[in-house]
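Labels run A, B and C following the written order; every chain starts at residue 1.
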Amino acid sequence: MELHANIFFPIEIVGTIAFASSGAMVAVRKKLDLFGIIVLGVITAVGGGMLRDLMIGSIPPNMFRNPVYVFTAFLTVLVLFFLFRRWPFLLGSKYIESYEKVMNILDAIGLGAFTVIGIDTGVDAGYGEYHFLIIFLGVITGIGGGILRDIMAGETPYVLKKHVYACASISGACLYVLLLQFTRSDYAMLLSALLVIAIRILASHYRWNLPGIPDS
Amino acid sequence: MELHANIFFPIEIVGTIAFASSGAMVAVRKKLDLFGIIVLGVITAVGGGMLRDLMIGSIPPNMFRNPVYVFTAFLTVLVLFFLFRRWPFLLGSKYIESYEKVMNILDAIGLGAFTVIGIDTGVDAGYGEYHFLIIFLGVITGIGGGILRDIMAGETPYVLKKHVYACASISGACLYVLLLQFTRSDYAMLLSALLVIAIRILASHYRWNLPGIPDS
Amino acid sequence: MELHANIFFPIEIVGTIAFASSGAMVAVRKKLDLFGIIVLGVITAVGGGMLRDLMIGSIPPNMFRNPVYVFTAFLTVLVLFFLFRRWPFLLGSKYIESYEKVMNILDAIGLGAFTVIGIDTGVDAGYGEYHFLIIFLGVITGIGGGILRDIMAGETPYVLKKHVYACASISGACLYVLLLQFTRSDYAMLLSALLVIAIRILASHYRWNLPGIPDS
């Protein structure tokens, strides 16, 4: 746990910043005020882990025991808020496109890190034998914050509609649970996170989509 | 418990199939892709039981300890998906009406079974004396999945708007809690489930509705 | 706890009535039927405390152990329902404005009481040292019911959009946690609740708003 924490901590912080940013951008587009921007930013960043902790009875949820994630998300949102408030033209400019591109990659990194950390939390809590449960814990840690963000913003969760965002998380989670049967090294964790990141970025770049029902 | 489980298991599976189908149909109407269809289908089928388990601290929720329900819901959704993808005309045809009629009856059976099983779970967890709590547990097991489905699909929960769907569940729950004061036989359970099913089907057939506030 | 309960109980009941009324009004505007009106009314009144109890593993949530709050909310909603059903013109008249003005003040009182009681519940559960957690518990007790109401009604939570509703709760929560370092008297509790009420009413009267991002 300690070992994982040490290696993954900076990656988690990167993911927290990217997730908080995605929450803040949704809030800005929804014309919410400062409070709404903070809430959506923070809930996107730590909401997935909170759902995971409630599901396994890890009380109080980790976001309250290690406030560093909430604090990081809070700072991220504040910086964005003052940037956009001072220079609102940034939101309509070409800068925002480059910004979203960088954030898209950081977001993928966050998804990878959160997924494997979610599984690790489940294993540490003694649920290593419940494969379906720990895969679920990994995926909910990865995508739960975005789902809460969209529900609170009154939109159909993004993850239900576009890209193979969730499939990236599920693939990595399955790989990690498979690797856990043989080893519990940091390499297994890293490899699985990399799979998530790769699928997520490729899906976003090539606009992969899952099949739907054609109009009749 | 074992006894109840044996008798009620096939009925639960029928309910799971019907609930999963209702979730999948909402997702199809919302033009969601395969992942969205699976998530809404599964959450409709097992979401109510998950909320119930969180409420009484039964951790991890039963859906993870007995994956048979998730698996059944998953299979149901997959079958529907491939049917509708292969023959999209089915969705617009007269077949869908007959299908919805059959599903409406299975859905009523599911509502009855889930309601009494929810109460039973509460009693087994030692809350037999908390009458209000166990009635709530029964009702949330019956209607919670549909509420989660609608919230995730970005709609006002169906149960808040139409028919006396929830009242059927509440009536049966109250009857079962009443009967529990005298006996804890399978007959009490069956009788209460039948009351739910009867009210639910009659309400749907005769389009019973609860009163609202007339326009001023 | 007992002492607090004695002093704060009537104030809690006032808050419960005001919150239930706000839930019922949203349901009436949404044209929901009797069941929808009851659910939104009750969930607005006790939903915040339920989220708080789930977060700290206080199982089953207090709303089930002390049904007096649910019962009060239920009665409030029933009275409103029959009033508006009997005399629907009330909803469109000048009476509704006076009614909403009175309810706005009772709502402020409820927000104050619920906020400090939420913190107290956290301290009683042994989390006095987790300052961020207990502030969160206070605020979620105060605003959680309204958030659930709006999510179920399919609207972006009111608290994310208007007034400094949440900031009032946060300010009082921070003051109370600060005062708790020195004393745990009823005066500290009362003072903090009064701060919430004052900010809430002033913000509503002077239409204070938090800054947002100007249109670019």
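We adopt the following convention: a contact is a pair of C-beta atoms (placed from the backbone, for glycine too) under 8 Å apart; a residue touches a chain by one contact, two chains touch by 3 or more.
The structure displayed is predicted, hence computed values, not measured ones.
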Contact graph of the chains (line, ring, star, complete, other): complete
Superposition of subunit A upon subunit C: rotation angle, C-alpha, nearest 5 degrees: 120
Interface numbering overlap (same over half, different under half) for subunit B and subunit C: different
Mean-CA-position distance for subunit C and subunit B (Å): 30
Multi-chain contact sites of subunit B, meaning residues that touch two or more partners: 54, 57, 151, 154
Subunit A residues touching subunit C - in the complex, by the definition given at the top: 27-28, 30-37, 39-40, 54, 57, 59-61, 64-65, 67, 70, 81, 84-85, 88-92, 151-154
Residue ranges of subunit C in contact with subunit A within the complex: 54-57, 127, 130, 132-133, 136, 147, 151, 154-157, 159-161, 164, 166-167, 209-216
